[in-house]
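Each of the next two complexes has chain A plus one other chain: chain B in the first, chain C in the second.
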Partner chain A sequence: MIQFSAYKMLQTADGELPLDVNFTIEKGKFIAVYGNSGAGKTTILRILGGLTAAEQVNIKVDDVTWDDAEKKLHLAVQKRSIGFVFQDFALFPNLTVRENLEFALSKGDSKEIVSELIDLMELQSLQDNKPERLSGGQKQRVALARAIVRRPKILLLDEPLSALDDAMRFKLQDYILKIHQKYELTTIMISHSIAEIFKLSDHVLVIDKGRITKEGTPENVFSEQKISSKFQLTGEIISIKKSDIVYVVQVSSGNTIVKVIATEEEVANYTIGQKVLVASKAFNPIIQILS
Partner chain B sequence: MINLNPLWLTAKLALITTVILFVVAIPLSYWLAYSRFRFKAVIEALISLPLVLPPSVLGFYLLIAFSPENSFGKFLADYLDLRLVFTFQGLIIASILYSLPFMVNPILSGFKNLSPALQEASFTLGKSRLTTITKILLPNIRASLFTGIIMTFAHTLGEFGVVLMVGGSIPEETKVVSIAIYEEVEAMNYHNANVYAGILFVFSFVILLAVHLINNKSRKTTLY
Partner chain C sequence: MNVLQGIITEIKSHEGLSLVKVKANDFVFSSIVLDTPETAGYLKLDNVVKIIFKETEVIISTALNPNISIQNQLLCRVESIKKGVILSQVTLMAGKQTIESIITTNACEQLALHENDNVMALIKTNEVSLSAHD
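For the complex of A and B:
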């Protein structure tokens, strides 16, 4: 069980932002941390990992105190049972894949775990390569494997999949799940993808401006806000054409073009090139001017 | 026959200075790169000072400081039996201060160019600071270390003002090549001056050529 409580003043682009977060996580759970950039998600992971100091902090893992600001207690990063996967992978460029994993071994440890992880993460053919020769997805697998070599209790993942394309993401999600289950980890992952959170996590913490604004199962957290509400996309009007008694407005968004019916009065407000929001509740799409 | 002693003395001075600076500059640069000490900028400015200060100014202050007439020099002489004015030891100390930025700056920028996550990743894998520095950080800034070594060595070869102030020109003790050239010119021995100057010129060029060849090569192999 992880009991986490921290207060820290964050310096952000918009000035100071107090991070004030409390939560408890049961052993073996998969937790997702969701929220806007700059809300303090990474800082939470870093405080838990002992990489960032906080003004007020109290962390207990399985009844062992890792941090207690009042008693001036701080367990060194090296002594915390964590595996940390960094956003930029942080693989050691001077070492091969296998050496990156072996680096994590302590003196006298058997190298078996390294071979086991290389097999599990399907890195056999890459094990003698240096990191610079790997693709993003391959690097991520190495980083994940390396974080597990010490058999930590807690795995911390800082947006591990954000730099990858969809196909690679899906595959890596399976690797993460496999590792989480096989090594009986308590995993905390920062993610921006709701689909990913649904697939992987048991519990979500939604962070906004330094506070937990919502928590619960993914179904509970996202259902009202994201699922049954309207679908919406933003785009640009590329053409307005009259067709019988109505107008057809074409909106381009990403690489799709949406046709929306509009009345003459509505069309009077639209111009080509305008940025708009197309939203739909049940059947009727409506266009909303953005700027 | 030309006296080769100044050449030998110069090489010895450059070698000793480089070795000492290498050992000193690694922890110093590491500290500058990773600490959040508030007055770090002051230290960095002090280290870079020899880049802009006329060598004679630095030499002058060192001469004053080392002089047994003053408290620091007297302390050295009385308690450590160390005389730094017009001695080879004095030259070494002066060279170390004078060449400090040439060793520290490349190593410092090497450290700063590494992702901070490398060190943190090593810590999360249970490794101490010392292991992290020797096994991860230093091997990844090899080119910077090499540049620091070569630049320091080359720069020490070319010292003149500081050496003249602190060391004077005592044969076999403080008379390095640059001073020897100056004296040969003053005595109108253009031939000897020419030999010294030519050796220094070729040697400096070869050293710098090596730096650039190696840097270009390492760039090709480390960055795709």
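For the complex of A and C:
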């Protein structure tokens, strides 16, 4: 279990912003952290990892104190059982894939875990290559494997997939889930993708201006059960066009665009760029198999 | 979008589906939802909910007692008609409740709809969405 409580004054482009966050995470859970840029998400991970200091901080992991500002207790970064993966790949360019993983081993550790991770992450054919020969997705797979080499209890992921295209993201999500389960990790991932959060996480923390404004399961946080309809997407209005006595409203969501018929009275309340929920009942959509 | 406020008077659930009766003014709407009281907190007797259905899902019948499977049948008076080339918007009054319907102009002409005509507004059970009242 992770018990986290921190207060830190952040310096942002818009001036000072107090980060004031408390949360408890059960062992083995997959937590997503969601929110606008500059809300303090990365700072939370860095404080937990011991990379950033805070004015007030109290962190306990499985009843071991990692940080206690009052007692001036601070466990060193290397003593925290944490694996980190950031958006940029941060591999050693002069080492091969296997050497990158071996470099992360503690002195005296068996190399067995390296071979196990190479198999698990399907890096066998790449293991003797240097990072420059790898694609973005491959590099991130190596970075994930490297984060696990020391068998951490906690895996911290700071938008690890945001630089990748959709196909690669989906694949990497599967790898992340695989290692989360196999190594019984408690994983905390910052993500901007609601689809990704639904796929991976058990629990979401929504951070806004340095505070947790909402938390719960992805279903509760993002669908809010506003409406009983089961066919829902959220997106932005990108155009409103008159068509006979009705209007066609185009809504862009992820990489799809849907069109919805609306009346004149309704479009009076709509503006381009507005965030909207589009809903239809589960009884209407038709499924066709794509071959 | 037609939005009416109502009170849940009956819930019948089976294998994840619920048939919900919601009383709005004097009319009891039927709605079918893919939820049960266990999965959705708003599904509670006497709970106030919004009944939502789209204008394009409101069927109009000039026969006042149609022998038809549609469960939601409201006696209405035609308040006004806005005719377009393809589509027409018919504003209906069910008592004091306004209900909008969008049907094809062909249908509108075929039915020879005029203001103050008495008609039935028909809405299929599976076209009615419910929303927790906020």
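Operating definition for what follows: the second predicted complex is superposed on the first by the 224 of 291 C-alpha atoms of A that agree within 3 Å, B and C clash if a C-alpha of one lies under 4 Å from a C-alpha of the other, contacts with A are read in each partner's own complex, and residues count from 1 in each chain.
Going forward, a residue touches a chain if its C-beta (ideal position, glycine included) is under 8 Å from a C-beta of that chain, and two chains touch if they have at least 3 such contacts.
None of the values given here were measured: they were computed from a predicted structure.
**Q** With both complexes superposed on chain A, which partner does A:103 reach: first (chain B), second (chain C), both or neither?
**A** After superposition on chain A, A:103 lies in contact with chain B alone.
**Q** By the touch definition at the top of the document, which applies to A:73: first (chain B), second (chain C), both, or neither?
**A** neither
**Q** Tell me which partner A:146 touches in the superposition: chain B (first), chain C (second), both or neither.
**A** First partner only.
**Q** Using the superposition on chain A described above, determine whether A:82 touches chain B (first), chain C (second), both, or neither.
**A** Only chain B is touched by A:82; chain C is not.
**Q** Tell me the contact category for A:279 with respect to chain B and chain C: first, second, both or neither.
**A** The answer is second: A:279 touches chain C but not chain B.
**Q** Please indicate which partner A:92 is in contact with in the superposed arrangement: first for chain B, second for chain C, both, or neither.
**A** After superposition on chain A, A:92 lies in contact with chain B alone.
**Q** Once chain A of both complexes is superposed, is A:266 in touch with chain B (first), chain C (second), both, or neither?
**A** Second partner only.
**Q** So which one touches more of the residues on chain A, chain B or chain C?
**A** Of chain B and chain C, B contacts more residues of chain A.
**Q** Once the structures are superposed on A, label A:195 by its partner contacts, choosing first (chain B), second (chain C), both or neither.
**A** neither
**Q** Hey, which residues of chain B end up touching chain A in the complex?
**A** Residues of chain B touching chain A: 115, 117-118, 120-128, 135-136, 139-140, 222-224.
**Q** Can you list the chain C residues touching chain A in their complex?
**A** Within the complex, chain C touches chain A at residues 1, 31-35, 40-42, 52, 54-56, 82-89, 100, 102, 126-127, 129-132.
**Q** How about chain A: which of its residues touch chain C in the complex?
**A** 225-230, 244-246, 261-263, 266, 279, 281-283
**Q** For the complex, which residues does chain A have touching chain B?
**A** Listed in rising order, the residues of chain A that touch chain B are 49, 51, 77-80, 82-84, 86-88, 90-94, 103-104, 106, 132, 146-147, 149-150.
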